[in-house]
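The chains carry the letters A, B, C and D, assigned in the order they are written, with residues numbered from 1 in each.
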């Protein structure tokens, strides 16, 4: 993989909170149409990395380039307007609104690209029939799907998902994986921070393993899971692995 | 019809001598008595008592921040209305343009400016036609029979409302009183802001209006009668006394708002006239309630005495704080004690050595006043104090009734013209003369001093001080209608002392 | 020299006034995130309780304690009946406490009349050069220090303090650890109310005792709170009242009270712009950020 | 009239009718629209039975509605509580007084006053709101900051007693306030008594319809999204600070509208309109009615203004206690607001 045609490139991202190092020199690149999973044990810095990418946190050092632009100093909403869509770990659709209003709210936050991915997702997740329902009436997994649709509403180039299948049944997880794979095949770049190994196995072309705030390993799912050190950090032999 | 009250002590008074020989025995002062009973002569006046009542509109703050003043005034108004309905009035009558002292004992034929120009008779204290004037002394009863129960054969109703210290509500209530209740006279207003809130409404509807509060002065308004004392009646006497007694170096602490600033400019401007000097001024905002910096500034300036023109709940905290900080300078004021009875409310000796030129306090020892105080507390036994504004309200309502009775109608324009005849009324404070030209009143001013136990004594008296400032500016409302409030900026004299 | 002492004294009284005005408000806000708009009326109740006690022959120091306890108990009642329904709904609490303040203010007028005879300021005055100082205010300045130290002790070194801080940082977690958050909130509200009552009683001799006297403390209390910020109760209160009077005192002494008041307000605005979290956020800046990250 | 038209229109029509019947206010059934239309009609014919005094009084109950609606938008829909709307009310009134008072003879003088009054409110809100929202101060601080703004303005205006505070030929007047403010004029028509009443009714209806369309349109939805989840909304690509500032300025301008009507009503304004007691009133109206329903807020503002006038003009000393108790009771037992709660119950029963 060459970094030259990368859609998103992060170089040497560092972030510390007081004495705690949450990210140290993370390098990361993502091509158009790539579906990448970011995994790692608890406390590996996945959430920090995610919030650095979307701008909730500012890095202490390093830079982020998206679609050829340095977005390191941009505010979250500016990044979204450039074409990054994202969802959160916890469900954060607007419960007081209907599904249609949620999608409407997501549509016009600045200039929008084309929305074929959105249409695909809406149809595949079966939400098109529920537009008039209040979001609060949707079951958990459909809320998660609604969020993905909202993130796609403005036609982003890149979709960042933070544990999108948390709390879903295996069948729902598999459905989610299917749709995401289809979207990636259509040319959408997707990065997923995920715990669920079954899901990762199903979707990932490439997997990045974070550990102690840095990239620990990167490669295909098979390559990465075959490595002893990766198995060890997942099993908790942290000290040995870090050494 | 009752027989006229016999007049005692018909000796001609010498006002100057009375003032000089000492206050407590101001034997006799004129209630020039006079004229004009067109009223009672006309048969049309004798109407059935069942007729619609005469409505006295009354707005004061019975709740909210200013209620300690408003409730007193309401009660005084209720007393006055009850007395009128019981058939009583205060002694006094029209004496003509010159007013008290211009013609000695009485003016048998005052040049009364009634609109009709009807023939004028002399009436006695109660309002019965007579050919004799009377003189009312300090010790004489001033409440006399009016000759009828009620007013013009009708009962008098007090239509009162609570302004709640809220200017917007004041406007609503004034409109209600004028447009809906159609009151015959409006008696209202404590703060100047309240008066200014309703004055445009009063003028627009040509409503007869009494503002009974002491204030900064300057209101020249054809429809408004200001029966409280103004700066020239209070500031200059108290300054004169203080400069004589304590020295020429003055420090002024005045509330940073209209009343405080305007009164402070009187102090500043008249200090040179009295060969004194204002060596420091401090204008704390009304919101301030902690005064250590003010106290330190006073101590640094070392004045002979302090003029305090502090207003409202927060600012009255100055007194206990100054006393506790060991600031024991003599103090002078024109507002405290007489209105908000601070000498009763604060623990002694916060107000020790406080001097205030007042036109009324309940402690005035004359018999006529003690009778009044007794009547008041008989009706309102639980009231904490009977102050200056309450007394003004009391005699103003009586004054209105007398004028309406003389005019023979409650038609507001006619009553107003009748009031512009120049009236003397025997108020609890002493004789008060309502000036036709300025619609303001002369007052009997006393210098009240509080001692370390907060007991009041009156150390000097000025039996009749005119509200001369508007005259000086050439205001003559009987001839030229106006509706503005003059400020010292309109007077070149004050500009010299900026 | 006397000038310097006088300035120092003014600084102390200004700071003590701000601190006493704000203390109860800050405790409730800092620990429970509830803005108690009835704070001024709680102070009024304290002043009334102390005044009524003194009139019945109770010595002043005891009357102050009675006032604190009485208002503290009143705080418990208000908390149980009303305020506890508003945890987590800060703006609702703001509105409901405003309603309470209206009832208390006008209710006091209806029950007790327009004023109460006040308490004489205890202690005399000491003189230095042209200046003299109230012994009572000197005592209040010292007492403020003692109060802050006592509060610091309660929150740093007692079990209640520990639990209260835990509940403040994460109520759900605290509950999971078996802390009775409900009780902690009640006790905190009572403490805040008692402090308001105490301040009201202590300031009673320096002010006129009237139903709406509470309003005079509203603006100073809020300004102190805003400048102090919510990060650290004691640090914020101390830093804020100190900073504000440091600006106010010399300006007021040189240019008059009005300029002093204006300087106070301008300082508050500048601090808010530069430090949205208030003075206390300086000290807690880093620890706070790590908390945010952990979330 | 557009209300009548809207009631006839299909619930999911297009344009204004569709926006008006959007989900974000109570009263969406044809029956509710009929009641609204009847209400409006009764306001239109009321002067035929009322004296000029009564009409002016009713106009007073109405004139605070734009300010309350603005606060409802800001607080109920946007989640930002401002305790200082009266500051913008006062600024508009004062600026109108200055401009119109200095151009007594120009036929367009009063209208220039209207424009500059509203402009001044909006400008003050823009500057102050910039400080608040772009500094991203914590949500609980906003009510205190806005309250301090109102008190500061009140203090400042109270200090303008001297002659140096005369702008052109209009003195600001300190605590006594600004008097003799000229009334709006078109040709020879001066908006007083009945004319003022109709002006007020018209302005209130326009504000209500405009806002109801606004909250159901995209911008309104974004505002509600921010209230529910600020970060989520930002990560949908919205500049949250800017959206909040926009709502803040809009609410301030509406407060300015009320301020302008107020000075028409009384030809007078004082610093006390932005004092502590007054500052809390809009919050009371909005909270008691139901802050996330414009209609409820409008109804409640009207009724509470009437109530407080009736109580106090009857010399009732319990006015403040009653209003305080009402506020506490509503916040405890009907936290959505009285009008909203009642409306929802009726609606449910009908279904």
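Here, contacts are C-beta pairs under 8 Å (C-beta built on N, C-alpha and C of every residue); 3 or more make two chains touch, one makes a residue touch a chain.
For each chain, UniProt lists the protein as follows: A = ABC transporter; B = ABC transporter urea permease; C = ABC transporter amide-urea permease; D = ABC transporter branched chain amino-acid permease.
If you're wondering where the values come from, they're calculated on a predicted model, not measured in any experiment.
Here the chain-to-chain distance from subunit A (ABC transporter) to subunit D, counted in touching steps, is 1. Comparing the centres of all chains, each the average of its CA atoms, the largest separation from subunit C belongs to A. Computed centre separation for the pair subunit A (ABC transporter)/subunit B (ABC transporter urea permease) is 81 angstrom, with centres defined by C-alpha atoms. A straight line joining the Cα centres of subunit B (ABC transporter urea permease) and subunit C is 43 Å long.
Chain geometry summary: the mean Cα position of subunit C and that of subunit D are 33 Å apart.
Rounded to a whole number, the gap between the C-alpha centres of subunit A (ABC transporter) and subunit C is 48 angstrom. Counting partners per residue, subunit A (ABC transporter) has no residue that reaches two or more other chains. Counting partners per residue, subunit D has 151, 155, 159, 317, 319-320 as the residues that reach two or more other chains. Under the contact definition stated at the top, the residues of subunit B (ABC transporter urea permease) that touch 2 or more other chains are 63-64, 256, 285, 287.
Residues 54, 56, 75-78, 80-81, 86, 88, 92-98, 101, 104-106, 108-110, 150, 153-154 of subunit A (ABC transporter) are the ones touching subunit D in the complex. Remark: subunit D residues 75, 81, 131, 135-141, 143-145, 147-148, 151-152, 155, 159, 276, 280, 283-284, 287, 317-321, 323-328, 331-332, 335 touch subunit C in the complex. Looking at the complex, you find that subunit B (ABC transporter urea permease) touches subunit D at residues 62-64, 160-164, 166-169, 171-173, 175-176, 179-180, 191-193, 196-197, 199-200, 256-258, 261-262, 285-287, 487, 489.
Interface of subunit B (ABC transporter urea permease) with subunit C (complex): residues 63-65, 67-68, 71, 256, 282-285, 287-294, 296-297, 299-300, 302, 313-314, 316-317, 320-321, 323-327, 344-348, 384. Of all the residues in subunit C, the ones that touch subunit B (ABC transporter urea permease) in their complex are 3, 6-7, 9-10, 13-14, 17, 106, 109, 113-115, 117-121, 123-127, 130-137, 205-208, 210, 212-213, 216, 219, 249, 252-253, 256-258, 260-261.
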